[in-house]
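Listed next: structures, encoded as structure tokens.
There are two complexes below, and they share chain A, which is joined by chain B in the first and by chain C in the second.
Take a look at the complex of A and B:
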């Protein structure tokens, strides 16, 4: 295999693919990237068996072939080369990466062990990436990272009668986004996509692009431009989220989003070791406070509109911040019922987004 | 205060040695732990690095100039803190009076421990041996009748940079020898003598401890103030009655057991693990504590030790949760190699019943509800009245990951 390519074009392709490579995998070949060159088309693929990312770029090819090179190393080498053309030439014994007066020789990894990503056959839809990407960005952070409860590490994509829904929860908070009128899936279809795959997708996704989604029974793939990401689906049944979304919320606080966020970040400085911050909701204001026995305490009042009966609820400040960051608009609404029931953060204008969070019980 | 025996233990190049255990490929090379970059500072230097004149608190850039082959490892304080907790636990096997001074040093009041462990030297040697056996780390130990002399003695027991001379790492100063041990040292070695006081003393013509010991107290007080003057006068004369104050705050709760016969399968280990997890949880409940981090420790047939830990979303004093977490940590470890010792513990302790992050009711998850916590306490009371076997923990058997 032999080709030349602009450094920046190649760097982008390599870094995208190497995000799926797994440097610590027991199977050494998975710590590599596969290069497939046919004519002037180079496909670079990284995979950890669950997630596969490949990137296709136009290069000046001079000899077709396939090779696997160590992902991290080859990506770093190309990134650090002088701007300009990079040449990669591989043979069975060694690979050469060169540009200008720099030359690197790498020992290749046998390519035949590299897993072939399965062909995905199934329903295919094309949508504008912008909305989808925004929705993912809003919900994906609420997915769990705890591998011992695999089902919560995914994002549910569900086709309901009124449109597509995205839901993620780590059991402390739950993010819900609705796209009225949009149908990506077949009616009634529900799939649970690993949040790691979606996180990588949002990183690479160009909002201007058209996104092609292919859904099979056990896999999903996302394609735009020369980029393809495919992942196994999580098979376990996603919890019934609909019953968790409260309908009766007697207390409603409306507050300037940025002012609220800034105040939380300040008060949080005193909430160490996962200690909560308290929100004391009153007629014209919300009082934020935090204390810890070692350092002291912080108090701040923020102007707000409040309808309901005065109450104090404590939250993990990180979860509050996460919620306030994904809700659009200058003002946000925080709805509560009592200090031990789920609270809801939502935009003032729309009903499409909802961020549910559980309080912290303080004695 | 005659009869008091104070032991000072100080780990040798602690951070650097810990990193060498994690990176055996660096053995024999000059290694420092510290910040890289232009403004980084050396936190600890291996003895190989010290040969080049590299010292802690030196700018990393300067250290690199002194020793071009220097390997700089970024510090990992969480890891050192974990080992430190085990070191302190080991110390408390000799006496309950353990006063940690830093992650890598502590005072022990061993006045009453002699009967169990023999002479001061035998006790100190045994402490060093246990620390090395368990953690793979060497230490230096000083024993004397005061904190001051014990600390200076452990300093004297330290390995010398570049020297291969055998060192037993123990320096015992008998009461009769203490004044002589002190006299020839620079006065700056004494507690509370910083650069400023040191300069003042030198201006008064005081260089050694002996000079200080005979310096008139009145003059000392008028130059240095009553508190410092009196303290230095006492120290220089070997008088230091500061007691060892035990750190009563519990940092971790753990249980470990060496098996008469090595265990080689998960099914053999599981009942032990469940039993130990339950005991750890019960000890936590008795102290009204909950831990966020669960630890698992295995010593293999070849005496190599493996430790694993996981931090939970919320603190627990529930044996079921501890057992389940420990079991997850055990998964994938090659138990067929033969397990000689098993340990289960919790750390990151917080008072029970404090702030609790509530969960959505998704069904299926272990509930940390007030009900369960009350049930556990009720079971504890039953066991206290009717004995250990009155109520036994039931933990669902492990699921075979391959199945």
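Take a look at the complex of A and C:
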């Protein structure tokens, strides 16, 4: 295999594919990137068996072929070369990466051990990426990273009568986004997509692109431009989240989102190890406070409109910040019921996004 | 461990000079010679301390602790409110694999968490290649070997396979089957286990030990 390609183009393709490679895998081949060259088309693929990312770029091909090179090393080498054309030439014994006066020789990994990228056959829909990407950005962060509750490490995509829903939760908070009128899925269809796959998708997704989604029984793939990401689905049943969404919330705080966020970040400096911050909701203000026995305490008042009974609720500040960051608009609404029941953060002018947050029990 | 609660003053001389004026404090003298002076606050951190090796000269109302670096801690005991000694014995230390061992103990206490009707025969059941974590019987009386891991991976399946081979040589355990139990069982381990007729179960450590009870959760 032999080709030439502009450094920046190749770096982008290698970086995308290498995010699916697995440097610590027991199978050494999974720590590599597979290069497939046919004519002037180069496909670079990384996979850890659960997630596969392929990136296709146009190159100046001289000799077709296939090779697997160590993902991290080849990506770093190409990234650090001088701007300009990069040439890669491989044989069974060695691979050469060169540009200008730099030349690297790499020992290739046997390519026949590399897993065949999955061919996913199923329902296919094409949508504008922008809304989908925004929705993912809003919900993915609420998914769990605790592998012991695998079902919560995914994002539920569900077809409801009024459109598409995205839901993610780690059992302490839950992000819920609706897309009225969207028909990405068939009626009644629900799939649980690993959040890691969706995080990688959002990192690479061009909001201006058209995104092609293919759904099979056990796998999903996302394709735009020369980028293809495929992942296994999580097969366990997603928890019944709908019953958790409260309908009767007697207390409602409306506050400037950025002012509130800035104040939380300041007060959080005194909330060590994610100890909670308290929100005392009063008529015209909310008082934030945090303390720790070793350093002291912080208090800040923020102007706000409050309707309901005065109460104090404590939250994990990180989760509170995460929720406020994904809600659009200049103002946000924080709805509460009592200090031990879920609170809701939502935008002032839309019901399409909800961020449910469990308080922290304090004495 | 000697614990003295006393109204005292403390003076330190060494890299700098420091003085603690008269107040009631806890003075800890550990078996290894460490001396630490605590107030009733400040979490784990003593107001002043001197690590071993050192020499403690007990003159009754005045203790002088010195070390080879030339540092000196002088404690004037104005009123002793309590003076106790306790033998704490040898500390087992922090176990790196404590979670796995604790998981095994918790499952031994409640094997029905693994499968309904499962009862424990013995923990650390010996085989000639090492002990299997739990030997149980299911509701039908069939022997079940349980291997407990934090993360269920291919190695765990291989290990359990070897135990099952050895255990099945015993006529009383001829029909024995195996179950891999872990907080997480990796997909490759699930496939390998199922291909060998070995079961796998994921358990929630926090729920087993009751740690999650005080958390407010949506689920």
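As a working rule, the second predicted complex is superposed on the first by the 363 of 363 C-alpha atoms of A that agree within 3 Å, B and C clash if a C-alpha of one lies under 4 Å from a C-alpha of the other, contacts with A are read in each partner's own complex, and residues count from 1 in each chain.
As a convention for this text, a contact is a pair of C-beta atoms (placed from the backbone, for glycine too) under 8 Å apart; a residue touches a chain by one contact, two chains touch by 3 or more.
Being a predicted model, the structure only gives us computed values, none of them experimental.
With the C-alpha superposition on chain A as described, chain C and chain B clash in the combined arrangement. Touch criterion met: A:316 reaches chain B, while chain C stays clear of it. In the superposition on chain A, A:276 makes contact with chain B only, while chain C stays out of contact range. Legend: residue contacts after superposition of the two complexes on their common chain; A:174 is shown touching both chain B and chain C. Once the two complexes are laid over each other on the shared chain, residue contacts for A:231 go to neither chain B nor chain C. Touch criterion met: A:149 reaches chain B and chain C at once.
Legend: residue contacts after superposition of the two complexes on their common chain; A:49 is shown touching chain C, with no touch to chain B. Shared-chain residue A:342: touches chain B and chain C both.
Once the two complexes are laid over each other on the shared chain, residue contacts for A:358 go to chain B and to chain C alike.
Once the two structures sit on top of each other via chain A, chain C runs into chain B at 260-268, and not at any other stretch of 44-52, 62-70, 206-214 or 260-268. Chain A residues in contact with chain B (one complex) as well as with chain C (other complex) are 148-149, 152, 169, 171-174, 239, 244, 340, 342, 356, 358-361.
Looking at the complex, you find that chain C touches chain A at residues 41-43, 154, 183-184, 187-188, 202, 204-205, 214-219. If you check the complex, the residues on chain A that touch chain B are 146, 148-149, 152, 169, 171-174, 239, 244, 273-276, 314, 316, 340, 342, 356, 358-363.
On the side of chain A, the complex with chain C involves touching residues 26, 49-50, 147-150, 152, 169, 171-174, 232, 239, 244, 293-294, 340, 342, 356, 358-361. Chain B makes touch with chain A in their complex at residues 313, 328, 350, 353-365.
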